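Next come two complexes, and both contain chain A; in the first it sits with chain B, in the second with chain C.
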Partner chain A sequence: MTAKQPPVLEVEHLSIGFESDSGILSVVEDISFSLNSGETLALVGESGCGKSLTALAMLQLLPPFGKVLSGSIKLHGKELVGLADSSMEAIRGNQISMIFQEPMSALNPVFTVGQQVAEPLILHKDMSPSEAYQRAIEMLEAVGIPDPISRANNYPHQLSGGMRQRVMIAIALACEPDILIADEPTTALDVTIQAQILDLMHDLQEKFGTSILFISHDFGVVSRMADEIAVMYAGRVIEQGTATDVLVEPKHPYTTALLNTTPRIDISVDRLPAIPGRVPTPAERPQGCCFAPRCSLASDICSSERPMSIQLTDSHSAACYEVGHG
Partner chain B sequence: MINQNSPLFLAMRRFRRHRLAIFSACVLLSMIVLVMIAPLFEILLGVSANQVDLYSRMAGSSLAHPLGTDELGRDVFLRLLYGGRISLFTGLTAACFAASIGTVIGLCAGYFGGRLDALLMRLTDSVIALPLLPLLIVLAAIDLNKLGLPEAIVQSEDVSFYRIVLIVALTGWTTVARLVRGATLSLKEREFVMAAQGIGASDRHIMFRHILPNLLSPIIVAVTLSVGSVILLESVLSFLGLGIQPPMASWGNMLTNAQQLIWEAPLLAVYPGLLIFITVISFNFLGDGLQDAFDPKAEH
Partner chain C sequence: MRWFLLTRIIQSLLVLAVMSFVIYALIGLMPGDPIDLMISSNPNMTAADAAALRQLFGLDLPIYQRYLNWLGTALGGDLGYSRLFGQPVLDVLFPAMKNTVILMGTAFILSVCIAIPVGTFAASKPRSAVDYGVNLFAFAGISIPSFWLALMLIIIFSVFLGWFPAGGIAVDGAPFLEQIKYMVLPVATITIVSIGGHSRYVRSSMIEVLRQDYIRTARAKGADNKRVIWKHALRNAMIPVVTILALDFGFLFSGALITETIYSWPGMGKLIFDSVMGNDFNLALVALLFATALTLTGNLLADICYAWLDPRIVIGGDSK
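This part shows the complex of A and B:
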């Protein structure tokens, strides 16, 4: 079925860095992944590992001085890196949409939510404001906002956090994009609301056939959503595979350690283990494996040479010397 | 349809509690209505504002001339109304015009940053650094005939009015430009700007459709506060004989005429002076009130 189709989004050997006076600081190094139609790929990792930067690169919305250093991002086979601003504007919100972490601040305080959901439709679908507003009300209903006609007339400050995130999803999906990028969409929400939003995204994905690039640091959330998982550490993908591969048989010691920090309902522990140390900043990344200083299995080679990604099965790969032995 | 929860509506509700500002708004409003219906008074009194009557020079109050007449026997009340037309209209147009220039310059500087910002802000600094009064005098003294403007414009009665508006706008945009730039710098870092980029909005769309509406309240306050100072500036220029040219009346040039007769007919100076004072102070109170209404968190 869907797996036979060519991937919607293909990222190959992508490196992203910042230009500064003292040269180029590369933050994301040589990552590759592909997103299949109607599936969800989760990028997982600690803060500062380059997840959000990768997401922004998909939209070519890197922060000032940020730059794609090498590699390619292809949407339906069309290269996005280096595409002119005007062509990119036609893609953003139309073929690739993004929902942000903070639903509190991502809505414009001086417009009603109806107007804001209508905006991408006016920009991309040549709709008149009144047509777009009608469609916006339908979208608000689709994302489960009760009484959408009167809610459309509300300002963001009148809505709760969960409601606002629903509005953000409505905005992102208004033009029925091929790809939805969700950057920690539930981090700012209560646990109960979190579950509702995840269910909603799941339902809408089935309804619209959207592919989702899901970015999170939380394996609990990821396990609910993902078909495929790519685990990132210090700017690299260190393990990649189907959700089952990564969650059930994690191979990289970092993945294992990260999974152990996630509370589980089926295993009771007194105290959740923490990973000692912290993610090295891009400037202080070691020569060898970036995880070596925090890894309990590290040997001499780990700190001198960077491990290459090893294909374990058709779907599963990991970048660790330990994996090769096992 | 007025949305009861729109930020503007909420601000207006807070504004209603500000008594002094409401009072000032009423004063200004009635003043505007009075100057608008000035022709009606002309009919009622049976004289026109520029009509000279040398037989009744510097007359006191009477039924025919409620506030007396000036040194040429013109009706002071009517001239005050027509002068008010000019002064208020100059103040409002010039303030709005200046604010528009300032808004565009401030938005571009703040949003694009970098070299454009540096360039525009140095330009702003230079305009601020120019000594205002000598500059105004020079600008006001430019001979329009020599600029090659069409005869119809140069000869028209309103040319001194356009000149004042232009001069004030060209020198008065700096405050708004700085204000808007500062606010834009902070607004563009807000996540909704990134979200707007995420739905494919162009820079121009983001500047004018997303950032500008968020700046409306400080701009409105700045315009209101500047109307008063523009009216003062017009008075100064007219007082120096460089502003609105007689026979057209403005409060400023009425003051000029009155100064020669300050001992014989002091009231001729008091009336326009008082009106300038009331108008300027009302605009200031109104501006303060709007500021409080738009920014309820600011403490005084």
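This part shows the complex of A and C:
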């Protein structure tokens, strides 16, 4: 291992919520993580746990009325929270890019894919439209689109879902950003296409040295991609560690339960286990541990007080009363 | 594309043929025929004379036969005489149509040119003071009856201020500025009334588009707000708006009856009204048919516009 570089992206005590007439509803509470150069950090959790909101906060692209309530997001040590729109626009697509879950709707239907890949280059790299278009064709080739010269002339509806996600990746990587945020990039795709897209992201990560913040609910996908994993539940990170830590030695009962729901090829079961109950909505989160109502190990203290994160090893931490004496 | 145009033109001609019969029949159903009008102005005519005349002019035939006779001559290029004006129908129709196109066209272009930026701006800041202001103005425009607005404008700008004439049209060959003077009030009336609807359509379509995922993608690329709205969103937002504009296209030629009447603007609206009221069958029939034909043309243009705006719409199946 080489000497440890400072992290590219550092998130500390970040809370995100929605402002409404009836007050502030906090959705993501006090999460911290850091993303190292060239590595992949996976944020894993069920729908509604706040992982997409966290991803959008990195770009300061929260939906209307969404707001970073407290905490900091630092890119190369530079604070992004509260940064002016114009400075943020210079970072988006240039230093931090994002790809989304739905490649079907994430591309503008009225422009050719070549134009769309060229756009960030025109915006950030001062390229002329024709230079940018040439570069766009190279990018389309780099993401494995056959016959890129004629494909660049196609409109999104003329491409398959997998092709469109490749185009999205080409757009995101056009300016060779430091960080790629991938929000469930393969969820909407066929399994075979999923594998291709994951391999492609892996290859391009090595080629460009990009750090990836990978958002997913699928441990199967995460295990292929992640160096580090942060498991989120009800707006908090409840377990964090290297991929091996979390996948091989999960400590938090939620992580264990979630891993058990992932089908495995080497074990035959009639019925996959499910976690009883559902994720509490931000408004109905209990006072204690949010997972306590669904947890088989819960004791009295779990429902009265929130567990703090406990550092288990240098890399591994979990927020559960059980792990302290486990 | 060529195939599409051909089928659409054939379709339009069929619709036009059916419409011509419907209009012909409706006018035929109106009480009174040309012979009644002749009799009423000549007390010496007897009922026998009237019957003879009806037979002479073929008015005793069943309506479909009369229609076919008319169609035969009309297709031969003879659209008949206007009873009211004593001139061939087309000689009456074309100047009126020119006046209407000038009036409605100016108002239409003004309305669209104002409504698109105003609606877009309101959509980009929903629930802001600007948005509420635009909404208020739009609803006022939609709700104000055009005859009332026209009268108010005449009272203020013609009677009190004396800036513009209260009605009529400049004589042929008048200086350009003089012609404009006559246009200002009627154009303002129609523009103010239609701008409300247009800007509401633009606004709601724009708000819908701004919610789409590809707008988020554009922002994630680092595009600023201006670029997101005017480059990424506007073209998408225009697709449904074109439908509404196409429907308005027909009015460009059929005229605005009330406004034209109040300002004594010699356009199609007034002409159709006068011809129907004056039992000028030939003129009413042809004027209504022209209005129908041009509405159909407007819809055809809208279809072509869709394909130009939205690459997902491929006209005639000849995709690349």
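Just so it is clear, the second predicted complex is superposed on the first by the 323 of 326 C-alpha atoms of A that agree within 3 Å, B and C clash if a C-alpha of one lies under 4 Å from a C-alpha of the other, contacts with A are read in each partner's own complex, and residues count from 1 in each chain.
Everything below uses one rule, namely that contacts are C-beta pairs under 8 Å (C-beta built on N, C-alpha and C of every residue); 3 or more make two chains touch, one makes a residue touch a chain.
In this text, all values refer to a predicted model and were calculated from it rather than measured experimentally.
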Fit or clash between chain C and chain B when superposed on chain A: clash
First, second, both or neither for A:Leu61, with chain B first and chain C second: both
First, second, both or neither for A:Leu258, with chain B first and chain C second: neither
Partner chain(s) touched by A:Pro120 [first = chain B, second = chain C, both, neither]: both
Which superposed partner A:Gly93 touches (first chain B, second chain C, both, neither): both
Superposed model, chain C segment overlapping chain B, candidates 21-29, 219-227 or 273-281: 219-227
Overlap of the chain B and chain C footprints on chain A, listed as residue numbers: 59, 61, 85-86, 89-94, 97-98, 100, 102, 105-110, 119-120, 123-124, 153, 155, 168, 171-172
Touching residues on chain A, where the partner in the complex is chain C: 59, 61, 85-86, 89-94, 97-98, 100, 102, 105-110, 119-120, 123-124, 153, 155, 157, 168, 171-172
Residues on chain A engaged by chain B in the complex (per definition of touch): 59, 61, 85-86, 88-94, 97-98, 100, 102, 105-112, 119-120, 123-124, 153-155, 158, 168, 171-172
List of chain B residues in touch with chain A within their complex: 3, 5-7, 190-192, 194-202, 205, 210, 213-214, 216
Residues of chain C touching chain A in the complex: 212-214, 216-225, 227, 232, 235-236, 309-312, 320
